[in-house]
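Multiple structures are listed underneath, in structure tokens.
Here chain A shows up in two complexes: once beside chain B, once beside chain C.
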Partner chain A sequence: MSGEALRALSETALALAAAVFVTSLLLLLLGYDPVSSLAVMFTYGLGNVEYVAAVAAPLVLSALAFLIPLRAGLFNIGGEGQAYLGALSFLYFSQQFGALGLLAGGLMGALLGGTLGALRAFLGVNEVIASIMTNWTLYYVTLFLVSRHLTHPEFPHRSIDVGFFLGSWTSFLLALALALLALVLLYNTLLGYEIRVLGSSRRAAAYAGIDVRRVTVLSMSIGGLFGGTAGALKVMYVGHLDTTMSALFGVGFLGIGVALIGKSHPIGAVLSAAFLASMIIGGHWVELRLGTPPELTDVIVGVMVLVLSAPYALKLLQRGGRLG
Partner chain B sequence: MSSRLPLPPLALGVLLVALLLIGGFAVYRTAFAPREVKVAVLFDVGGRGDLSFNDMAALGADRAAKELNVKVDYLTPKDLAHFVPLLEDLSKRGEYELLVLVGFLWIDALDKVADKYPQQKYALIDASTGKARANVLEVLFREQETGALVGVSAAGMARELAREAGGPIKVGSVAGMSIPPLWRFHIGYLFGVKYFEAKTGTKVEFAWVYTGKFDDPAAGRRAAETMLAGGAKVLYGLAGLTHVGMFDAVIDWNAQGRGRALALGQDASQEWYNATYIPLSGSKRVDVAVYRAIEMVVKGEWKGGLSVLGLADGGVGIWDIEGVKYFAQIAYDTKKSKVTPERVAEIVSSQRARYIKEDVQRLMKELEDKIRRGEIVFKDPRDEKEYDAIIKELERGNLNAALAKGSVS
Partner chain C sequence: MVPLVSMKGITKVYADGTVALRGVTFELAEGEVHALLGENGAGKTTLMRILYGELRPTAGEIFVRGQSVAFRSPQEAMRRGIAMVHQNFSLVPSFTVADNLYLAVTSVKPMRRGEVEGRARELGARLGIEVPLEARVEQLSAGMKQRAEILKSLLLDAKIIILDEPTSLLTPLEARALLGLIKELKAQQVSFVYVTHKLREVKEVADRVTVLRKGANVGTFQVSEVSEAEMAKLMVGAEVERVRRSRSGAPGEVLLEVEDLAARDDMGVERLKGVTLSVRRGEVVGIAGVQGSGQKELAEILAGLRRPERGKVRLGGVDVTGRSPREMRRAGVLYSPESREEGLALEMSLVENSVLARQGEHASGVTMNWKSAEERARQIVERFRVVFTDLWERARNLSGGNQQRLMVGRELESEGLLLIAHEPTQGLDVVSAEKVRGEILRFRERGAVLLISSDLDEVLELSDRIVVLFEGRVVGELKGGESDLERLAKLMGGAL
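Right, the complex of A and B next:
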């Protein structure tokens, strides 16, 4: 194991200890027993590994959606909207084309990501603001289509069923394969090198003869590809969309936390997605076993994400978004 | 050689007897004590705190826990992806005698899991999978019956408001999504209004809008403001959290002097939210449904299949002053309202007396008796087409188009 990886691991272990400490303190302050809460959360969270794999798979991809553009110094907050578009496309195209629906979901996400990238590259439109606007537009477009055009004939609150299905392990392996692909892309290809140089310094990249616009559009497209696939995997697992949007809402935003905990590294994203997935699953049992309000789980998960990603996010902020 | 025991023989004997006694008692306790029934209530993604649907389910379960010696645990799934795996995990463990599933979001998960675990009992509240299973109890409500009574009173209130302040006699409703329970509300509410029209000869205008959401107060507010601007006097909230926005719109409408209007609540008693402008709520006793399901298990009277609760079963109706007080107390205790329950009850009583005149009270009583005695039974539309057809006929004044049994003239 290289020294760098060892350092990253020990840093994460330290952050994990700090996160458990801060969470326990907060639980004590709120009047709950931290030991039994966290014990229930972790034991039940890891009790059903297949369930963890299923919940983690889309999170790995929505983390990659944020991570790749971030390595190029771009903030793709649009993973959420890309996931909506990917889910819709998958739902629609899987009816006729089965597995190809997944590809359609990814490509539509890529198209959206690429558009946001092009707006930034050619017109100087801030990608964060454009992303947030498209997120909400697509939220309502999805809601409209689910309640008007893709509606289930018998149950009007939800969409028709997806036309293609992969098991929990298969979707997790797919996510893992895509993460490895992202790893190779970042560290073993010319484009990956250009992305990383752009992330370190835009001006240096331009000086070195890198086509900044091209790399901006491409990195956002690749992010969108992952974001769209994340949405497709999520709706595939649930089997349909519904008018509460709870099947999709938040998958992109959670991906940002996963990417930051994983220190913007594809393998880190896989590990942190599995970790967060097990926390979310275990959280249900804290309510069931200890009678705590369900919001407490959100608080625990939120604090964990915050504390675990804080060292890396701070480093990022200090360098003004530039990565080494 | 002196063998030394760690304890004198007498002490040892006493200890042994004591241990035997304690052990025997423990065995006796576990073997013969009444076994505590365990029940898990699984909410939809909204969970508790809505002071309506989910909270009422919890209310019924809490009552069962106290009165029937049942251990109740609660679970709120984070999002739709967790419904199937959680239900599957709980069914596989088999530690809960009954799993109570609250709301229509559980339909798909139950459909996928129920047949795999025939030993596990499930109660689905306010929704139906459309299939009969021995291990699944599905509880639906006759929303038409509460809607009809509310419709008559709303028409009566609109008449009084028009008398006091002028303008058209017009009632409306801010509804959630177009799903079967809402279809039944729509049919009942419109039936009540038309019943009032037929009996009093007073023309009443009617407006109905689906906001498409149960959790969006801003949408409820917009829909309500449009209706109020169109002259509506009484608005019936049928959209969960969304119609809290409708309440706010009505309250502001009065406060800003833009006109006079009243709002009506549904499911839980919601009068406490503003007793002056919300004088009445229809009831849909999710708590009764949950309690009954648990009771069936405890008393060993389990029977799967469909159960429909109406006026005659105490499943739906209009909240009386006792019920109003009960919910006002909860709101007061949880600091959601600063008005004491007594004061809420007082205002509600005087507002009801002011806006529901004697002739309307008589009409309501007459209709209620007909429903209770089973002289009239409302239709249950199977699909959107049948629902649309019934509404069209009702709008033309054909009351009997809404009835499966009996007739009114």
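Right, the complex of A and C next:
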């Protein structure tokens, strides 16, 4: 094993230890037994691998939604909104067109991402701010549509059922295939090369004759494509949306953490998505076994994401967001 | 007599296993200027950062006035009267000079602001160090910044001042002034370590010289007893092959025509105010001028990276004004920029950098052809002797000199008609610099070269003609061979 890989591995191990430590402290403070809580979290989480695959699949994609633009030096915080739009499109189009609904979800996400990219490229609108605004706009648009237009005839608090379904393993394989596609895109295509040069240095990109606007729009569109598909997969798995948005909320945001833990690499994203999925599931088991409130699970997963992604995120900040 | 500073058996091994120093012994006597000479990467700066407390040695002992010391920070070194002026300075750009002096002095000992300023004024007047205390540092020239740094050292009561490549950012006139100041301070019993790779400066300013090669001391001499040629030989471990330039024959047809070109920089400052020049096939045309005379903007316009406000650029008779970088390259322009941050994607690998700006040529359809890119990388690193561990490692891991060789090498290894070489040998050791100069001369057979360099010896040696820029205008044109440095320096300063 190369020195660099060994270092990355020991760094992750250390971060994991730190995450366990911080989480234990938190549990102790709140009066729960950290040993049994974490034991449940780490073991029960992996009890049903198919379940892990189902939870991980959308996370892989929402991580890619953040990761591809990041490699071009752009911060797509809009994965969340792209997921809402993808979920809505899938819900609507899958009624008539079945599997093509997935494609519709992805394309709508791409359209949104591309719009954010174009705003940045042509009008200089900061993509982070535009993303945050569209995220919230789309949150309420989704709520509105779920309660007014796509409402289930019998249960007014939730939407109609999706018109197409894939099993957990198929979903996961689809996500894995898309991750491999992202890998090939980044490392084996001319566009991927241009994306990475832009992410390494804007000046170098200009020097190399790269059309910065084109690459900005394209990388954000590709990110949006993954973000939209993430939302589509999520709603497909749950079967419908409801007015609490509990199924969908956070898929895009969590993807940012997944991408950072995976060190902005598509394969890293797959691994960290699987790990976080097992943590989420384990967290639910902690609720069942020890009676902790569900919010605590969210906090624990949040702490895990924060601590695990911190070393890489810090390095990224030190380098001013430059990536190769 | 006990030497002022004595470093014994200093060894430094970096965390990644690089051995920077191998048991170096170095002595500084009271009141001397001691030059530390060596190529890039010889360990000069590392040795001095150890003396200054910025780095800790892996092994070895340091004595100041016979007392054993082990500095844990520059502050501790400063309390012992040691100061260091870094190559790129360590002043806060947005602060005034007075702010910076106050900041530095109070980090070592408490002092009121008024007192700091008063002492600075008094010292400056006594020693003739003119620095505007109320000016913001970012508005100062490199020479001014350096004087501010020296003043800072003196305010800290430094008796030992380490100057790291002090003339690398200075104009010839500023450099001359610096050498004068050093002699002045020497008379006041201040001792200097003068870190450099320039032989001429050693001859001019130093009493003794210590030569480092690959992290080892290869000799300490009285400067009066050693010749430049001997020092060069010690420094590189072999005879330096100087480029024997042959004047080009009759130059061919006009290749590049620039007519009445005007442009602003990124801040909106007018930098080019109507420049007209031409380059013929088979020529090397040197552009000389103090930094900020418009040479950067000229290069960028020719590379398609900047739009001129007015004027024309013709290449081989075709009007190419305002074309994109890609189109300029297609028209035959090769560009090695002044900044490696611009000409290289430092977070990417050597292979990926070897095809930067011609990535399309190494793609079949939409997919990159890494085999051909690797092939190219191999050609460049072999021909320009880039030292690396893996072709797929990040370019940022290379030393500055190796990055430079990679960047210049990539351009010289390409098909093209006009090479724009901006500071092509910056950061290169003597041997590599000569190699690059030789390749630049050879490029004349393929087309022509526009050479922009602050190294005037280089400009004089390589150019068939020299165009001097001053404040965005052409103020003179000289023949390469028969011009002398004095005249060139005067023109660059605007004296007509």
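Here, the second predicted complex is superposed on the first by the 314 of 324 C-alpha atoms of A that agree within 3 Å, B and C clash if a C-alpha of one lies under 4 Å from a C-alpha of the other, contacts with A are read in each partner's own complex, and residues count from 1 in each chain.
Everything that follows uses one rule, which is that a residue touches a chain if its C-beta (ideal position, glycine included) is under 8 Å from a C-beta of that chain, and two chains touch if they have at least 3 such contacts.
Remember, predicted model here, so these are calculated numbers, not experimental data.
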item: Side-by-side fit of chain B and chain C on chain A, or clash; value: fit
item: Per-residue touch tally on chain A - higher for chain B or for chain C; value: B
item: Contacts of A:Lys234 with chain B and chain C, given as first, second, both or neither; value: first
item: Partner chain(s) touched by A:His284 [first = chain B, second = chain C, both, neither]; value: first
item: Touching partner for A:Tyr193 - first (chain B), second (chain C), both, neither; value: second
item: First (chain B), second (chain C), both or neither touched by A:Arg319; value: second
item: Contacts of A:Ser201 with chain B and chain C, given as first, second, both or neither; value: second
item: Where the C-alpha centre of chain A sits as vertex, the angle toward chain B and chain C in the overlay (nearest 10 degrees); value: 140
item: Where chain B and chain C come nearest after superposition, their Cα distance in Å; value: 39
item: Common interface residues of chain A - those touching chain B in one complex and chain C in the other; value: none
item: Touching residues on chain A, where the partner in the complex is chain B; value: 47-48, 51, 54-55, 143, 147, 154-158, 234, 237-240, 242-244, 246-247, 249-250, 280-281, 283-284, 287-289, 291, 293-294, 297
item: Of all residues in chain C, those that touch chain A in their complex; value: 303-305, 324-326, 329, 335, 337, 339, 341-349, 352, 356-357, 359-360, 363, 366-368, 370, 394
item: Sites on chain B touched by chain A in the complex; value: 40, 44-45, 47-48, 73-82, 85-86, 89, 104-105, 107-108, 130, 177-179, 212-215, 384
item: Contact footprint of chain C on chain A as seen in their complex; value: 188-194, 196-197, 199-201, 203-209, 319, 322-324
